[in-house]
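We call the chains A, B, C, D and E, going by the order they appear; numbering starts again at 1 in every chain.
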Amino acid sequence: MTIQIAIENRFEDFTLDVAFKAPAGVTVLFGPSGSGKTSVINAVAGLLRPDAGRIVVDDWVLLDTQTKHNLAPHRRRIGYIFQEGRLFPHLNVRQNLLYGRWFAPRDARRESLSRVVEMLGIGPLLERRPAALSGGEKQRVAIGRALLAGPKLILADEPLAALDEARKAEILPYFERLSEEVSVPILYVSHSSSEVARLASTVVALKAGRVVACGPPAEVLGDVAAVGARGTASILRARVVAHHLDGLSELSTAAGALWLPQMDVTEGQTIRVRIAAQDVILSRARPKGLSALNILRGTIMEIRYGDGPGALVVLAMGEDRLIARITRRSVAEMALEPRQTCYAVIKSVAVAPGDVGRGRFTQTAQ
Amino acid sequence: MAADGAYWLGPAEWQAVRLSIQVSFWATAASLPLGIFTAYALARWDFIGKQLLNGLVHLPLILPPVVTGYLLLLTFGRRGPVGEALEQWFGIVLSFRWTGAAVAAAVMAFPLMVRAIRLAIEAVDPKLEQAASTLGASRMWVFLTVTLPLILPGIIAGAILAFAKAMGEFGATITFVSNIPGQTQTIPSAIYAFLQVPGGQEAAGRLVLIAVAIAMLALVLSEFVARRVAKRVAGA
Amino acid sequence: AAGEVTVFAAASLNNALSAVAEAWTEDTGHIAVLSFAGSSALANQIMQGAPADIFISASVDWMDAVAQAGDLRAGTRQDILGNRLVLIAHGDDASPVTIDATLDLPSMLGDERLAMALVDAVPAGIYGKAALTALGLWDGVAPLVAQSDNVRAALAFVAQNEAPLGIVYATDAAVEENVTIIGTFPADSHPAILYPAAITAHSESPVAAAFLDYLRSDPARAIWQAFGFRVLD
Amino acid sequence: MAADGAYWLGPAEWQAVRLSIQVSFWATAASLPLGIFTAYALARWDFIGKQLLNGLVHLPLILPPVVTGYLLLLTFGRRGPVGEALEQWFGIVLSFRWTGAAVAAAVMAFPLMVRAIRLAIEAVDPKLEQAASTLGASRMWVFLTVTLPLILPGIIAGAILAFAKAMGEFGATITFVSNIPGQTQTIPSAIYAFLQVPGGQEAAGRLVLIAVAIAMLALVLSEFVARRVAKRVAGA
Amino acid sequence: MTIQIAIENRFEDFTLDVAFKAPAGVTVLFGPSGSGKTSVINAVAGLLRPDAGRIVVDDWVLLDTQTKHNLAPHRRRIGYIFQEGRLFPHLNVRQNLLYGRWFAPRDARRESLSRVVEMLGIGPLLERRPAALSGGEKQRVAIGRALLAGPKLILADEPLAALDEARKAEILPYFERLSEEVSVPILYVSHSSSEVARLASTVVALKAGRVVACGPPAEVLGDVAAVGARGTASILRARVVAHHLDGLSELSTAAGALWLPQMDVTEGQTIRVRIAAQDVILSRARPKGLSALNILRGTIMEIRYGDGPGALVVLAMGEDRLIARITRRSVAEMALEPRQTCYAVIKSVAVAPGDVGRGRFTQTAQ
């Protein structure tokens, strides 16, 4: 399952010129407001016919302007979660949710209504009409509607923007599960770097209608130019060793043990953990007596300086890279240099539940 | 009431009332699908001859009804090209039948119906239709499950306009199918006849009251239905 | 100075009266403004104060109604024209019949219709019904009558062969190519077909009387006759 | 063209054409504000007698035009209560003037105009009007700056329907203001007069063509304007 | 400037029953999706007429159902940023922005168009119509439209939800400035606890139509029940001592020096700094050789345990409280107990720019 997209389109004073290839899993489109994310998704959905382009999912050609092939939207079998809801005002919530089902082939109806309804917490709303819903409730129904259509490809345009943290934490795993277990590819627009890290197999960073970076999240997220200083993060592979009674899970990484709040992953499985660069504290000596449980050992590979007062220190830990964002002053005071051994202090609870994902590690695309 | 009415209105007039309702109902009901289709085509499609179609639809409004009636006679009359074909192929005879009166009323009411429905279609947000299509609905299904329910208030408005117009139609009807009691004598023909003789005002007035009462009833009913439908659509 | 007179006249007089008025203008320099509509409409309007100087009705009843309402200048009413009622058939080769009590209209019609003007409302229809009744034919043919709101529409039915037969004025039938007059109703079978004319009570036109007189003048007489009307003395 | 037309149509016919346009234009233009107001009231307000007003507006559609014309004659005629008052107080005479023809046409076209505008108003999202009111716009300003621009396509549709109807109006006009050349003889009345005499079809046919041409022109023009306006409103 | 709100309203299957009093500044409504935030705001705007209630801004009674007083929305002089944009489709961006100005009294036109346009980054869009805007662009125009109306009260319903981090960081200070310098009270709906901490003078936490907590952010944010474990944070008062050349600013707090990335505040001013509880590491002894610059000393006041594996440790630092969220295991291993002296390690860059606010400390309301 790969998605290949190449689109050129001129708007009045904006030109979209995007080409990327993404492997199976969740491809996150990341970029500032007005960078062309929704336009790309609309083209995949067939709602925007680009001036030129080719869109292929696996071997299935959705659009090829050269051969004048353009599949009608209703034949594309997509589940599109729109940025602005677009619920059907004349149908109640239940009817909205089940709308796509009428048209889905019988074998595509994997999700049961009750399961989706429960996950989205919209049980009490089923008989209401969209006009009587709050902003976040509408958004949740829109998510459910797309999921229940049994799509072969999911397009999600900031699906969680209107929701609170708790709700997000409940819905995110669903997307993960879809992309992994059911292997439905997902094209996902997000502004949140923690969503990116959690979900993405591939991140496509857009800026002013162009792709500025494309690759696995570990790579793109480490690229300050693509994601900005505050979005920089690293992603570690970790195997779940054991779930302990005090509510912590023990993971092993190439650089030592990691303790995280208990998670819903079977022991023995490998998961990935996003660690925001700014959540990492470095120490030359192994620190003692700290409340932080996680102290990983690594070798400084590189120290990068940007414009601000910060510096990125990249540590090698086996095959993984851990990035720490610390102040220049600290670099100077600690006299950090490449090839030194260094300890990284990571607060266990600083690893947000949303940052633990089960995404597979994928090869660089494009 | 029939017994009472028998004193107030003659049997011929009662017949006219019954016939008027029948004619107006069928004129409206039978032309509704074509009206919706035409409105949709005018609102959403671009095709050669669109302006021509638009003009054609409006024609009965622009022409004096006598002319429309005369043209109907020339085409749908028994010796008219269409009328002949209809009789030969389908055994349908319009001339001097209530069916012809219904055709005349339908033609006269068509522009009103189409305009109302067209306005409603143009007010539908295409984004909702797009959403439906991404969910797998073909054009036809999008129309049936999204567009149609959303334009229902417009359809009701169009139908009620058409019904009212059909109730009042006279010029084209009498020119096309004349005035045969029990066959083609609708309320307006009867009223016209009364008004043509001195002193006929009173009898005409009674029929006017009946016509107004029927139309008002239809109007109030339709308003009620439209309001409920609109509420459903607005979702409140 | 040229005088002006406004004439409200029955619609069936349209071309004939127009020609007469034109001739009048040529002769006298005065102008006649002609308003044609159904006699009932015109009568009602005059009774509501319409600015008509002369009313020429196709219906005696409506002229009576206006007179009763006091809207006619006393002593000006006169019957100026007469007309005949004829039976017509579609086509130019229909064979003539004699119109009397033995005429078997129903069998001539088969299951088709007899076109007439509204038999209880429009003058031509009223005269026709009266004639058929007098001849004892009405009851047999009544269910087969298709009534139009005016004579011209009845004529059109026959011309189109929607109806094989019709009863119309001689003046109308003469001009239509697709119909043949197959019989003329006996003059005594119906009340005389008259077109009464009169000056209205509130007319201030100085030439109204002159125009009324002109309608029966020799030049006018020739025009009326050319259009098939009988001019009454 | 005038020289050419002079051969093809007599001066009286040209007069009828000019008068028809004049009457239809003023019938439409003058009734538009009232039409918009009425449509707004019916669409947005709840008041006692709303159903009655609604019925009243539809009345000219339901009644045979002759009846409407007759009622107009009785009320607005020189001897009618309103007509008399108008003449006494304002010096306005409607009967047997082109103004009267315009009134008749306006009355007959009113239901079509109101219905079209009303449908457009009902399609306006009240949330936008709310947004305007939070920004400080009073009801009146909300209407003028938000509602009105958004219903412009509906207003154009209503106006064009009314204009077309006014061009074709005949029964009420001839009954109310008669058929006086240069004063009240519109195209339909002239056509009627021609059709009442043998041999008049040809002249009538010429007038029909003229009427159709004018109405088509107006129609195409309005479609063009409406499309541009709709585009502006949709924002594309 | 105080806002007093008391509203009761029954929807079909939801009852709103909210009463609170908030002092000048930004009052943030916080709570899960469907908890009634938008409904409260709508009532203040006059778009929802509650069954019963009283709404007073300062001495200005907007609504009092007892006296049947109900000011029309257009007389309330509010600037409402709707959750769903609601731009006028028939006006271009410039006309949308200036719409409220027509109706504003001359002296209320404080904001200049060019300034707002620049702040929102919508300069190139001025001649476009809303239909040609992206989701985030629409939202920004909606913000500008409300600001330019010269309102006496701003209602903002998740105004920044559709925007990326960088954009948010540019717009947030604007709201701050409005509430402080121009002293326009702001009622602000947000799901983001960092926005809360940054902006709020008062936080009103809603749940299922009721107020569950109301008070200054330091208080409400420390309340796990109200804001959830991940939202817990503390707020420290700090005086800006100096801006240093390496891009760091030095602040002094009751518990020692704080080093933060350089900020745009005059030296000598007092600001407040939000520190997420999970960004704090504790140590019994003063740690050495860490890349973290900020080590504050305090006394343990209280240790609170919740349901999960975490614990909240509240440190007293002068009058301020610093809350640390660490694992129960750490509490046990470090043998933490009340009244012990303890060191808190805070990474300087972990204090997000958005978490530095100039809000005054206000008394508890209600």
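Of note:
FYI, a contact is a pair of C-beta atoms (placed from the backbone, for glycine too) under 8 Å apart; a residue touches a chain by one contact, two chains touch by 3 or more.
Values in this document were obtained by computation on a predicted structure and should not be read as measured data.
Per the C-alpha superposition, chain A sits rotated 180 degrees relative to chain E, a value rounded to a multiple of 5.
Here the chain pair with the top count of touching C-beta pairs is A-E. Centroid distances from chain D, each centroid being the mean of CA atoms, peak for A. Centre to centre, using the average C-alpha position, chain B and chain D are separated by 20 Å. Distance between chain A and chain C, defined via averaged C-alpha coordinates, is recorded as 90 Å.
In this assembly, the C-alpha centroid of chain A lies 57 Å from the C-alpha centroid of chain B.
Taking each chain's centre as the mean of its C-alpha atoms, chain B lies 60 Å from chain E. In chain B, the residues touching two or more other chains are 66, 70, 170-171, 192, 195.
For chain A, residues touching at least two other chains, in rising order: 84, 132.
Chain pairs that touch one another are A-B, A-E, B-C, B-D, C-D, D-E. Remark: chain D residues 66, 69-70, 73-74, 77-80, 95-96, 174-175, 177-182, 184-185, 189, 192-200 touch chain C in the complex.
Note for the complex: chain B touches chain D at residues 51, 54-55, 58-67, 70, 111-112, 115-116, 118-120, 122-123, 153-154, 157, 161, 164-165, 167-168, 170-171, 187-188, 191-192, 195, 204, 208, 211-212, 215-216, 219-220, 223, 230. Those residues of chain B that touch chain A in the complex are listed here as 127-128, 130-139, 141-142, 145-146, 149-150, 232-236. Contacts from chain A toward chain E in the complex involve residues 11-13, 31-34, 37-39, 83-84, 124, 128, 132, 134-137, 139-140, 157-158, 161-167, 191, 193, 228, 230-231, 246-248, 259, 261-262, 278-279, 281-285, 287, 289-293, 308-310, 324-331, 334, 345, 347-350, 352.
On the side of chain A, the complex with chain B involves touching residues 45-47, 72-74, 76-80, 82, 84, 86, 88-90, 99-100, 102-104, 129-132, 145-146, 149.
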